[in-house]
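In this document, chain identifiers A, B and C correspond to the written order of the chains, with residue numbering beginning at 1 in each.
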Amino acid sequence: MRTGPGPVRETLAALPLVDHHCHGVTTDDLDRTAFESLLTEGEVRPGGDLSAFDTPVGAAVRRHCAPLLDLERHAPAEEYLARRSALGAHEVNRRFLAAAGTGVFCVDTGFAPPRTTSPADLARLAQLPAGPTVVAHEVVRLEVVAEAVAARGVEPEEYADAFRAAALDAVRRPGVVAVKSVAAYRTGFDLDPARPTDTEVTRAAHAWLSHGGRLEHPVLVRQLLWTAVELGLPLQLHAGFGDSDLRLHRADPALLTDWLRLTSGTVPVMLLHCWPYQRQASYLSAVFEQVYLDVGLALHHVGPARARAVLAEALEITPFRKLLYSSDAYGVAEFYGLGALAFRRGLGDLLQDLVDADELGLPDALRLARWAGADNARRIYRLTGGH
Amino acid sequence: MRTGPGPVRETLAALPLVDHHCHGVTTDDLDRTAFESLLTEGEVRPGGDLSAFDTPVGAAVRRHCAPLLDLERHAPAEEYLARRSALGAHEVNRRFLAAAGTGVFCVDTGFAPPRTTSPADLARLAQLPAGPTVVAHEVVRLEVVAEAVAARGVEPEEYADAFRAAALDAVRRPGVVAVKSVAAYRTGFDLDPARPTDTEVTRAAHAWLSHGGRLEHPVLVRQLLWTAVELGLPLQLHAGFGDSDLRLHRADPALLTDWLRLTSGTVPVMLLHCWPYQRQASYLSAVFEQVYLDVGLALHHVGPARARAVLAEALEITPFRKLLYSSDAYGVAEFYGLGALAFRRGLGDLLQDLVDADELGLPDALRLARWAGADNARRIYRLTGGH
Amino acid sequence: MRTGPGPVRETLAALPLVDHHCHGVTTDDLDRTAFESLLTEGEVRPGGDLSAFDTPVGAAVRRHCAPLLDLERHAPAEEYLARRSALGAHEVNRRFLAAAGTGVFCVDTGFAPPRTTSPADLARLAQLPAGPTVVAHEVVRLEVVAEAVAARGVEPEEYADAFRAAALDAVRRPGVVAVKSVAAYRTGFDLDPARPTDTEVTRAAHAWLSHGGRLEHPVLVRQLLWTAVELGLPLQLHAGFGDSDLRLHRADPALLTDWLRLTSGTVPVMLLHCWPYQRQASYLSAVFEQVYLDVGLALHHVGPARARAVLAEALEITPFRKLLYSSDAYGVAEFYGLGALAFRRGLGDLLQDLVDADELGLPDALRLARWAGADNARRIYRLTGGH
């Protein structure tokens, strides 16, 4: 997975990345349906005639991932799947994780079906025999904590304290560096920004606990976000692009403005993905000191050839301390490699061209590349270790 | 109307297109005011000092259409109009329709002032003497059907059945391949997604039928969309860009998410135009199996020189089976030719560059070009005939 | 501050601009905190470790402004600030204002802390010894007029008339060419478009006058917009990008559609800034005769290297009579120069490439350049004088 010439491109190509938001990879051998299901954010109907390979990300896999499985570029889907099966999940995972060149992973452990790697397993897969140490940290998904509290059984009037205590326990585990919320999925960001009162929370908890299911009561989602602020760790927020469970327009991060104003001066807020609202996220990162962003997930879905255009919009007015790298890879190992490649190439091409046009000084471009690829995340999450 | 070199560009330049959404062309000779009124989605005030030629689409007409009228490129507006008058409407229409190179038209017949071509007339205009057969199918605009039912007189409690029966009659006519709704204009997409109850429909019909006018009661617009689902044909939905009768932000197709979720597994939903929400449409096409999109209308309004940028966003995460071509041409024959040119050139440049950069295999690029230009539409509308 | 070769670029480089919306420049010598606070739309915390130089606009200042202070391109921030201090505010202001090459300024005087230039002072700073006359006109910010009326003391039932009278007085002052509203900041554009009744206004005035503070009562903001229509002058409306006091999504100008429809045929409406909703603004300018737009503020914040991409979207379907230039410069003199450079270069590159590709005729490109850079503003504001 190579990129073009020029010192900025070369620096980015060699830079050990901090992937500040990803998930585990499956250890299963995958048949066509299983692989295609992981390749797309949409549904795959077995027996349907739409192939998830016939997409920008599918074409990118055939172009950039096939050579890592010893195949020709643009190998047909059938060949790709056959070779993948022949090598076996472990070898495939090892190759792509190694190719990613990631030094530190921050792993959201809140969505992990059986036979998904733990953070430690993920780091092991990425570890080269004689290479520098690869490290994996953990990100606690707060909806999972809240739903576990509900599943254990709790009185409505005790729910708020029980959730807070459980969240505190969760973040005190070794290796936890951040919390995450999928409020964008559950209610969207167009919610009342104010901290709910105890009475409101108790009433909402009563409604939720008597019916069960996912945490999606607007009052409890707000309470979750306000509890996140108390935990003191950086808060990762899904924004924009995701699967069909989302209402995209309600995941526009600009809708969070009032809440960001109320929580200014507290915890860093990390806007994840953001596409197609990367300009809105750029704005928020420019005017709110605590806001950061990435365009993870989008980068491999649009593919390395288009990543530059998305990054150019994401950086339009973004302070250089505010852009981070994430793959948001989940399930298939290809995405760790493809996400890293798309980021390195997209940002490398963008910055190198600015340097070549004398619009940006080379030392500034190299600094921005290192900040976005690794140092911004190290600084915000206070990471130690990794390379 | 030529495009650059390279096999993808050449394939697209020669491909007989399926224009899955257009209107009829006027058979009138047009004076300056009439021509300019059709050139713009805005208003033209006779005697005003803004010329509809002083726009991106006006410049594109002078650049790309003038030579087909035997004029120099960039001919002044006055010369263009004079030459157009000298040739007469029939000859002008014949030239541009032939130049479009469209093999199949799907014609929305729901907006057709006097002296507008029927689908059959449109096909005849596009037919070359010794060329392969050009075919035109029909798209039924459901609001027109509903308003005809109201105009004939119907009791409120019988409205739902009468509309359903009339719609069924309309779609059973030979040559009908799809239905269309302009719900985006009437209420916008931010409507209650649930199917309205009979009681709700009767009450709403009572309100509407007693006052008359356009169908824009939110309950009846919802009922129209749900009736469309029962008809079983692909449903074309205006989305995004249109004239000043629109509230653009309420035509963002992401607002349809809940309705798409409820109607999943039923009829194909064809999002028309979409600009400037092409990324939102791209997302919907990626996560909902039944969603397709085009960027018709926008392509000739932004012009061939900018079509590539719009298509690049429209294709960002769009499955290759999901993009279609439409001109959305209406009134002036120029738009059939210009829409086709903008699509061929925009997509050709985009894909050829990907092939040249070895980001996409040539066979894949050619397949995607044929799918988007013709085969996706043939497949969804089960078209036969044409070339 | 130079641009590339080609007649369009050269014409734009030499064109005396009409900056139809800017503010005054500070006459203070600025220390690092003060300078950085003016460099960003966000907050700068003294002692914080985020530098406003580490942004696209900061990099653009170091690249394009440093040479005007006799420094190397990309000079470090410390050097830049030291040199700025050594030269003194007056000399710095003079250099950048002269470099802007602006012939006419329209100055919003409604936001002017102490030691900010008046319009006349601004024109004097931009005046070259033997150069043609530089002129500055005034734009009256209506919220300031309304708040002054409230501060003077007025009965609720007299508020509407008192505001109207004060606004009429203000616009009758010599040199006033337009009014402006920051309704986007106060309520957003998602407001009831109808003119409020006298009773509604009185009730709202009662609520506001008894509590004081900024004018942000939705009824009074509407009344302000409707009063603006009566004044007969072009109405400038902040749209899109601004500081953290904004809710960006509520400053989408598409939200104004119903109000634009109701006020069609009255005063010109000038949409300022617009980013990231430049396509929405482009749509409005294409379908409403009275709507105009610029992408001021955004141009220097994204920097000259990215201005072209933003302008390309802003011009996607915009009639050539509808695009204007503004710097929206405020506080630091750099922004007058940088805004002008970004506009000249962004538009010059865009149009020159269209000419080079024979997509636009050279005379048309030159005309569009002159219209956008100066003539459209001269025409709408009926400007006389300047060069």
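As a convention for this text, a residue touches a chain if its C-beta (ideal position, glycine included) is under 8 Å from a C-beta of that chain, and two chains touch if they have at least 3 such contacts.
Given the structure is predicted, the values throughout are model-derived calculations rather than measurements.
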### Separate pieces, if any, that appear once chain B is removed in thought
one piece
### Query
For the homomeric pair chain A and chain B, should the interface be classed as same or different, according to whether the shared residue numbers exceed half of all numbers used?
different
### Summary
Overlaying chain B on chain C by their Cα positions calls for a rotation, in degrees to the nearest 5, of 120
### Query
So what's the Cα centroid distance for chain A and chain B, whole Å?
37
### Message
Touching at least two other chains at once: which residues of chain C meet that condition?
### Response
none
### Message
Which residues of chain A touch chain C once you look at their complex with the stated criterion?
### Response
252, 254-255, 257-258, 261, 279-280, 283-284, 286-289, 312, 315-321, 354, 357-361, 364
### Message
Under the definition above, what is the set of chain A residues touching chain B in their complex?
### Response
40-43, 45, 48, 50, 52, 54-57, 59-60, 62-63, 73-74, 241, 243-244, 246-249, 275-276, 298, 301-306, 309-310
